[in-house]
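Chain IDs A, B, C, D, E, F, G and H follow the sequence of writing; residue 1 opens each chain.
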Amino acid sequence: MSDRAVPKVSILMGSDTDLEVMAEAARVLSRLEVPFELHVSSAHRSPQRTAGLIRDGEQRGVEIFIAGAGAAAHLAGFVAAHTTRPVLGVPLASSELSGLDALLATAQMPAGIPVGTLAIGRPGASNAAWLAASILALADPALDKRLRSERERMAEQVAVKSDAAQKKLASLL
Amino acid sequence: MSDRAVPKVSILMGSDTDLEVMAEAARVLSRLEVPFELHVSSAHRSPQRTAGLIRDGEQRGVEIFIAGAGAAAHLAGFVAAHTTRPVLGVPLASSELSGLDALLATAQMPAGIPVGTLAIGRPGASNAAWLAASILALADPALDKRLRSERERMAEQVAVKSDAAQKKLASLL
Amino acid sequence: MSDRAVPKVSILMGSDTDLEVMAEAARVLSRLEVPFELHVSSAHRSPQRTAGLIRDGEQRGVEIFIAGAGAAAHLAGFVAAHTTRPVLGVPLASSELSGLDALLATAQMPAGIPVGTLAIGRPGASNAAWLAASILALADPALDKRLRSERERMAEQVAVKSDAAQKKLASLL
Amino acid sequence: MSDRAVPKVSILMGSDTDLEVMAEAARVLSRLEVPFELHVSSAHRSPQRTAGLIRDGEQRGVEIFIAGAGAAAHLAGFVAAHTTRPVLGVPLASSELSGLDALLATAQMPAGIPVGTLAIGRPGASNAAWLAASILALADPALDKRLRSERERMAEQVAVKSDAAQKKLASLL
Amino acid sequence: MSDRAVPKVSILMGSDTDLEVMAEAARVLSRLEVPFELHVSSAHRSPQRTAGLIRDGEQRGVEIFIAGAGAAAHLAGFVAAHTTRPVLGVPLASSELSGLDALLATAQMPAGIPVGTLAIGRPGASNAAWLAASILALADPALDKRLRSERERMAEQVAVKSDAAQKKLASLL
Amino acid sequence: MSDRAVPKVSILMGSDTDLEVMAEAARVLSRLEVPFELHVSSAHRSPQRTAGLIRDGEQRGVEIFIAGAGAAAHLAGFVAAHTTRPVLGVPLASSELSGLDALLATAQMPAGIPVGTLAIGRPGASNAAWLAASILALADPALDKRLRSERERMAEQVAVKSDAAQKKLASLL
Amino acid sequence: MSDRAVPKVSILMGSDTDLEVMAEAARVLSRLEVPFELHVSSAHRSPQRTAGLIRDGEQRGVEIFIAGAGAAAHLAGFVAAHTTRPVLGVPLASSELSGLDALLATAQMPAGIPVGTLAIGRPGASNAAWLAASILALADPALDKRLRSERERMAEQVAVKSDAAQKKLASLL
Amino acid sequence: MSDRAVPKVSILMGSDTDLEVMAEAARVLSRLEVPFELHVSSAHRSPQRTAGLIRDGEQRGVEIFIAGAGAAAHLAGFVAAHTTRPVLGVPLASSELSGLDALLATAQMPAGIPVGTLAIGRPGASNAAWLAASILALADPALDKRLRSERERMAEQVAVKSDAAQKKLASLL
């Protein structure tokens, strides 16, 4: 957590066992120099605490909430019900159903209370941060520039990996 | 709503479009002479109102909450997060996914915050009432007797329907 | 099994291989000081024995049945067909289909014969016990108090775990 | 129902609303001149009646049981638990989940208590009868001959329908 | 389309048959006074056109892209691959699979190229607009105020609908 | 069916009830001037006939087989097992499961016996023809040219439809 | 394989990698003293061989075919298309989809060509043998007696396992 | 990669982590002496590079494109949108959903832009190559002959494996 700056993004997760996956969001935000905070809080076990974190976050200047939860994943919806700030949901594969339950419980929100839902698990945690950055970049030209150069770097890496794969292929045939 | 007696059961639903299905629960409770109340309140559009209905309900003597919702059906989980009274959840088939989303979002609750989940749609609404009655009957011998006689009646009806089906079969061959 | 007191809850499971998961229910009941009994009995391999356990249980004062089973999980429905006491079902992930089969086979009961279904696997076993306790607490103020204080403890633990996660995050970035 | 002959097949269904689909089985058996009986009886609402029908059926000479049920379709499994005669299960699409629940609840039986499961709905009801006939034909050369000639007729009809389709195609282009 | 103002949001849809559902997004944006444009363009049938619309949109000042598509719904992902602006995806139920295919094809994006995915169909189209508005409101206090007052209105409407449902219930019992 | 030319494509379907959907393939082939034949033949009801149609087709010069079937859709796999010519499979939504069963039964072929599987239903029938044409175009420059000009036409139509949708939108707001 | 007696049951499997699971069927038949044969043969890689094994099997006196296959599991349907003897299908979990594909491809057969489908994987392989034995027992009183005593033994084992589970529980609390 | 000959097939994959599975396609093409090239390129991270590889491939004489991707697997559809050459798609099980997401995202293409979809994962990668070979064999009698002899070899191997399985069975009973 980059605690010197005012956090722009608040990462919430329903259980401390989600930390390893949700840290992916923190890594992307750190790399993009977006200040964030991170809390464990459950929509079910600690609803008052969660409501408090949302209210306090808004007051401290948090602009985007990222919520990761598994199974009957209500956390993102709970956050969305308590703020009009953008809420991004990350469904986690923490039950026997591989995250399909969490995906449906996060994405299928009723009209009026939106949650922008990302992929199940690690790519989703990463993308919640990328999407948060793209939102913040609308008002932050420096961040916008970092985002664009990261995107170019991704494209360049593909070519490098392709060369490596072509070389490795010979050993697989 | 049988408003003369103190409601023992509170039926909540996330949208007024759920009324037709959730009325099934009301019908069963009426028939079993269990006093109840019924409210529309959403976990997402009106979380404060919902929390208030739970708190007030508990204080007025509500012993069991029945919550029906569709899609990312958080209502039952939200109620369970705000009370230690028994909460029964009815997943509704109000989205494109035929209630599978609502079933998973209602049943897959984390340890510590239980929701007793019934079937999707009409049979589930009916059974939430039957289960509520069986809970209340633990302390209400008259209700217990009504329950048992209803159960016997069900079994008897099967035989009657079987005779009718045998007669009808001839016309189908 | 707390065999000194009259069991209030009977935990049934379809196979002895379900014990490790269903022991979660026993642990929660022990912690909440709710007397219970536990039996292996199958709806398919030993229907007479299962019917006998239900009948005897009712006579000995069992108020709630918890039934855990996997695959074509009929046990909870079988119990519900043989009693008007509350029946709570725990779908187990013992087949190749990760418990989705057991969830549907447990939850999708016809109107009139309810099973309050919990989550698949370990959280569901735990929650069957929590829900049983919340039912018994309606007539047991001391249990109600224990339930409420456990709920508070859960909320407090979330804050503790959040602090730990924040500290651990640094090592993950 | 061909009540002059001793029934060789007993068709059971969980609800009288299943009659229209399950009549398909009756039609096939009638056509193949296999004597049968048909009853409505539920594993959940009338378990004693169902157990009685199985026991009486076996004693009267029923050799095969066909059981059709929807949702948490336990009927075929219940029958299989009460007899060692062959049991054929027909999953019915009577819930919101299009019969997927019934298919899993019928097919995923534990080792030792088999149910030969057919397709969901009408083709399954038909095939339960075709499979029952193929079983009875093992000891009934006349039935075996009828089965084989029906099979040939099916193949011939395909060619006829193909000609018709080719003619109809012109009007669709 | 409010063509006097510079569009802030570009609504894309893969087929003109998606218009009726995607118009929901347009309705919400109109109501919130957010200027938008709307185009039909397919990731598959007209990739160059789609890439052009994204490039031109960015240059004209579009800040957010909403993309609605069904089946192998690639449109949102295609847009996300061509811009670093926020992309919101609406899975549509236009195939036989009720939108489950579109949901997975929209949400399961790889790390680095995020799509904020909303619910299947009409609620998702509506929520794409609500989420777009909440993003734009970060830099637009007047819009933020409108959003908050809409949210309050939603909560108030719930109470009104609850009263109506209570009155209607009597006629359903 | 363009019976003057030697058929290059053989369209097979498992049932005459599949004709309306599979005619979509015929329409596309007609439009692209690819000669074809069409037969109803089942992998299950008429395996010998089906094997004969494949063998005869190959001998008459059929280069590609298109097979459409629903439910436990074995037809395409059966054809692939009897030829080394390219086989394209169209899963049809003719059972209660909306074609998901047919999709899996068509696509999940074992290594060595490939079926190129298209989408469920009408778009899949159309695309089987488009893919067949793209295969034949490898050796037929005129067809290749027709294919490319159809593709351009599709892209142009998108722009036309977009204009129409923009005009229609006003009436929907 | 008990090669001294004429095989009554032919166990077919689509791949030699299925042997370990399908051996479960062989074990049950051996235990019940039902003579059987076992072959690897694929509906796709070796259709002629498979057709030959069915034809030869029928001529040698095979009364029941058991077919186990995974993925686009056509083997049981292929066998059913080539015989009017009873065919029992075992869906195997050999693809990424945990056997759901094989279950649908085996169970969803069209009217007229039945496959009695058992559970996915090991329990299904076992139950194919149990069901085959129950079919053969209709004409074999000694086998019928063995079946019934096995069933009693199963029920008795449940009680023994229940005692063991009760003892083991203490160590788990 | 057989780089001396002009590649007839271009194998594309969305990520270098897909190499191990997609190498299966390369192995089959090598064995069948079909010249191919292989590239890593993503529809999302490097759309321009991917479009370039398709355009260059076509110009260099590539006749068939094989595209393997997981999750929201857009690669095959992206290729199909940029060429009228035959495109074969391999859904990969690289997300939490075991490739079901990739299967739907690859197969459910809209009318006009076909992707011939193979099985999930390794069998699909292998079959993309087998299908590509069967397409090329239409104009290459030597390849056609190799294909047919490979098919015969497969059938022969089944008999060999059957003998081995029969021998191994004894040790499993």
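The criterion applied here is as follows: contacts are C-beta pairs under 8 Å (C-beta built on N, C-alpha and C of every residue); 3 or more make two chains touch, one makes a residue touch a chain.
Please read these numbers as outputs of a predicted model, since none were measured by experiment.
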item: Lowest number of touching-chain links that must be crossed from subunit D to subunit E; value: 2
item: Chain pair among C-D, F-H or B-E whose interface repeats that of B-D, sharing over half of the contact pairs by residue number; value: B-E
item: Approximate Å spacing (C-alpha centroids) for the pair subunit G, subunit H; value: 34
item: Intercentroid distance (Cα basis), subunit G paired with subunit B, Å; value: 42
item: Junction residues of subunit F, two or more chains touched; value: 15, 42, 45, 71-72, 95, 97-98, 100, 107-110, 112-113, 119-120, 123, 154
item: Every chain pair meeting the contact rule; value: A-B, A-C, A-E, A-H, B-C, B-D, B-E, C-D, C-G, D-F, D-G, E-F, E-H, F-G, F-H, G-H
item: Residues of subunit B that touch subunit E when the two form their complex; value: 1, 13, 15-16, 19-20, 23, 26-27, 30, 38-42, 45-46, 48-49, 71-72, 95-98
item: Residues of subunit A touching subunit B in the complex; value: 14-15, 42-45, 47, 71-74, 77-78, 80-82, 95, 97, 100-101, 104-110, 112-113
item: Subunit H - residues contacting subunit G, complex; value: 93, 98-100, 119-121, 123, 154-155, 157-159, 161-162, 164-166, 168-170, 172-173
item: Residues of subunit C that touch subunit B when the two form their complex; value: 24, 63, 84-86, 88, 103, 107-120, 122-124, 126-128, 130-131, 134-135, 137-139, 144, 147-148, 150-151, 154
